[in-house]
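There are two complexes below, and they share chain A, which is joined by chain B in the first and by chain C in the second.
Up next, the complex of A and B:
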């Protein structure tokens, strides 16, 4: 047994070595950079302790993007999970044409973020966007709304585009969770006279609670580190209304060429992700997990 | 039945919500710009044309813009980069898919069918690796790639995208390999097959559709990745499609017809992939559970 164990590592090491190496080394490297002054325009890389972190915390634009990221995440992640659950129900049910719905539903998720952005610019464009057009036809507005150039409307627009790009993934995983529920549980609940809401609350919800937790954590991570849709849709504007932390990391590193600050901000962003994950896992009642494990 | 019609209506909404932007971009790509901007909307009143596609692939100006006084600045050279970028993306994402199968396949098999020390711990580590925000990796990757002189090359993108996708493909494939009944493997071992032989002769043929689809899944992740492609991308020769699309999106001068044609060209591979991935990966993952 021990003799054969050696050959088994040959199967997994070609994956493990590059993945671990290229995950751990960059993290260690970023940590080192974040504690040193590393700017292209200045010579040398002296140790500066937490100076990079301090300079970030004194920068009001960083605080603005932190607020943007928090708001964006708190809106986008839960809505994505809820929409995903709703869509999963629609994919699970039986009706003619289901195969077509199932086939295209993944599309928003498969599209490159830049394309998602372009498509939604067309919807939200102030002059000839479809949304203004529809709202005018419906008589809801009589002047075009400046969706992409008014801070709050722009925030709304990028959140919609982000949710659109993310909901299929949540829907597919929810679908997997829903379809693994033993159907006799529903029969039993129906015999006990449970109504639709009770069946959802006491049969479905406990069975999918782990998936809900996993998805909420995942979607939170995605939202906190979101970058491409917002970048291509608004370029972080108007002003810095839609500038998220991930975009700031890019800006600090590649626009201001301050790698030390970029790395420090990356760590702060990772820290924010961890705080979110801890909060989510803490907020989910432990009993939900217990029912699921049985 | 009220519930039934609500269900159908909901399904129709989801279909529209997912597909309509793509349908719209196709319409926008084959009608002249003045049709898109017409008010009240008269999208098909100005005829239908493939000029935008011809310009993107051959550089021949659309007839509308050859007219005197037409706004030539609406023609953007960025749109001309789309075919080249599509080609680059195909090479990179295709290689990533291949690497994923060649390395991820055996690893997934080992995790699903073999027992060895550290199996559980390394598997969990593998799944946790993608949780590190890519924004935190970008600077170290940039400097690493620069050090090896690979900045702006397809090779660097292939390597980075492979590392990014391998955890996912290993996870998915190990589900497929794990589902195959033990008896088949036992029979192979009794017949004197080595693990490699039973992997190649029994397991690979059995999961071939899932292998294909998982490869396409890796392709899809690589095809839509933007952060690394943007930060490490080089000259227009090696630029990937998402980078060019983002440039087009930020360019306010570009004609809407050209923009829509570019979108549609970029969407076609995704559309084809989605159908295959759904058919084999999702239905495959669902197949083990109770039928919906």
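Up next, the complex of A and C:
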């Protein structure tokens, strides 16, 4: 028995080694970098303690990025979940060709971020974009709107592109959750005289609330770490209007060649993600995660 | 069986001897480039190899966005290429780190070619009075206009920035939404370069001779020009801000815009008859302002310090660089005539092949005048990382997210911080 207890650790080694190599070591190395001056163009990597963190916290552009990230996340994550739920309902309905519709709906999620950005640049481009053209045709505007270079419009544009890219994943998971609801619950509710809203509120919502919670956490993490679509659409501009924290990590590391600051900012972003997750889990009623046996 | 074995051994010995003798005769060098027109690069290499059969050149190519970081990592990882493309903004950092070899030491015969190059290009290839390259490609930032539109509205080609504003307001009055198309990509070095070019047009400077920032002085041309840009966007609403130079090409070709400030190769693309509906309408003007000067830059061929450790390799690398950037300038001529790439070798302005090819899309004599007065940027070990910090400040000020004073003061403070970190003063 003792022999078996000793050997069982060996059996998990094949799993632990990759975890150490590809997760723990990089994280530890990044932590080491964040405590050193690691600027490619300067000689040596002296220990600087928390100086990189202090320099970031004294940098107004980092605070602007934090505000942008908070705003972007608070808008994009819930809307993605809500749009995903709505689309899941559409996919659940019985109509000819729905199998094809389900496949097509997934497309935006499968596209690389850079391609998504190119598509949306064609939509939002001030001179020859589809949106301005359509709005002009409809007589809503008489002068082109500067979607990608006016701060508020640019924030709106990147949020739309991000939600478009993310909603299919939410829809597929919501579809799975909706499909697993026992149809007899709806029959019983109908017998009790529940209308459509009441069936959604008292039958559907409790059954999919765990999925909503999980998706909200996931989409929050995706929004906090969002980078590619925004970078390709606006380059973080105009000014700092769409500069998100993940973009700043890239910029500190690869544009300003300051890997110490980049690593420190990565840790601050991870901390922000943890705070978001804790808040979401705190806000969700504990009953959601309780099994029938408990 | 024994006979077969004996044959095999003989063949192996002969092959080994042949390979060994082949290896002794050949000097291998590698050549790192960003991946623009690789077919022509490879063809040029093959021509060089056929004329120099004792040198074998291996091409390593990288994408432009990856190129700088890859080279830095190769140098730091003791895996330096022997010959390579270098950008003017990288030279101070790479040369001060000892990664590149000055021609005075590595290839003294090549320094003669500096006499034929435009001043701004020589400055771009020089660090602490030593030449580090021969030009691969050079260009100036120019003020462009749509001649057909100006003629239609009876507007003269602007001479000053006030002329540009008045012409834009006149066009706006006539129904043109945004007469001026401006490349507004804060992550692109071009965005900063174009600003500097406009400051040079006004006769201004960003820094003094001791590398003190002067752009934050309200009396300075840079400060005043950022103010002009901010008012053009927020008050007069004459600017169409587009994220990339490729957008400038398409946007100008809608016929709804009259002016832009971009590199000359963009003008070549705008006037390309095969692809652009309004090709031929666009022309170069001297940069508006009292001085009419502009910013020029050069990308160039360099030799790494590592390549100089081996005499054969050093000699082969120098031969190769001379073939590509010097000699009778046949390679520079080819790039200019076939691809429309700009050049720093001034004799090419007289070359019939270049003039014939370029007359289709630009006034070559006017370009020559602009090139003659073009100035280099202020390239230090920290310019590129400072520029990455300063560009978003420029962008913010342009659209009124911050004041000109805030942007300029913040940029000046960071410049001084970097200078003190790198040079200690």
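As a working rule, the second predicted complex is superposed on the first by the 267 of 294 C-alpha atoms of A that agree within 3 Å, B and C clash if a C-alpha of one lies under 4 Å from a C-alpha of the other, contacts with A are read in each partner's own complex, and residues count from 1 in each chain.
As a working rule, contacts are C-beta pairs under 8 Å (C-beta built on N, C-alpha and C of every residue); 3 or more make two chains touch, one makes a residue touch a chain.
Not measured: the values here are computed from a predicted model.
After overlaying the two complexes on the shared chain, residue contacts for A:243 are found with chain C alone; chain B is out of touch. Once chain A of one complex is fitted onto chain A of the other, the partner contacts of A:47 are absent, as it touches neither chain B nor chain C. Set against each other, chain B and chain C differ in how many residues of chain A they touch, and the higher count belongs to B. Contacts of A:235 after superposition on the shared chain: both chain B and chain C are touched. In the superposition on chain A, A:197 makes contact with neither chain B nor chain C. In the superposition on chain A, A:128 contacts both chain B and chain C. Judged by the touch definition given at the top, the superposed model places A:282 against neither chain B nor chain C.
Contacts of A:254 after superposition: both chain B and chain C are touched. With both structures placed on the common chain, the touch criterion links A:151 to chain C but leaves chain B unconnected. Comparing the two interfaces of chain A, the one with chain B and the one with chain C have residues 121, 127-128, 231, 233, 235, 254 in common. For chain A in complex with chain C, the residues that touch the partner chain are 40-42, 60-61, 121, 125-128, 143-144, 146, 148-151, 231, 233-241, 243, 251, 254-258. Residues of chain A touching chain B in their complex: 5, 7-9, 11-12, 14-16, 18-20, 22-23, 25-27, 29-30, 33, 86-87, 90-95, 97-98, 100-108, 110-115, 117-123, 127-128, 130, 133, 164, 168, 172, 175-176, 178-183, 221, 224-225, 227-228, 231-233, 235, 245-246, 249-250, 253-254, 259, 262-263, 266-267, 269-270, 273. Partner chain A is touched in their complex by these residues of chain B: 4, 7-8, 10-11, 14-15, 17-19, 21-22, 24-25, 28, 36-37, 39, 41, 103-104, 106-107, 109-111, 114, 116-117, 122, 125-126, 129, 131-144, 160, 162-163, 166-167, 170, 195, 220, 223-227, 230-231, 241-243, 245-246, 248-250, 256, 259-260, 263, 266-267, 270-271, 273-275, 277-279, 282, 285-286, 289-292. Interface residues of chain C facing chain A in the complex, by the touch rule stated above, are 69, 72, 76, 93, 97, 177-178, 184-188, 240-243, 247, 250-251, 254, 256-257, 381-382, 385, 388-389, 392, 395-399, 401-402, 410, 421-422.
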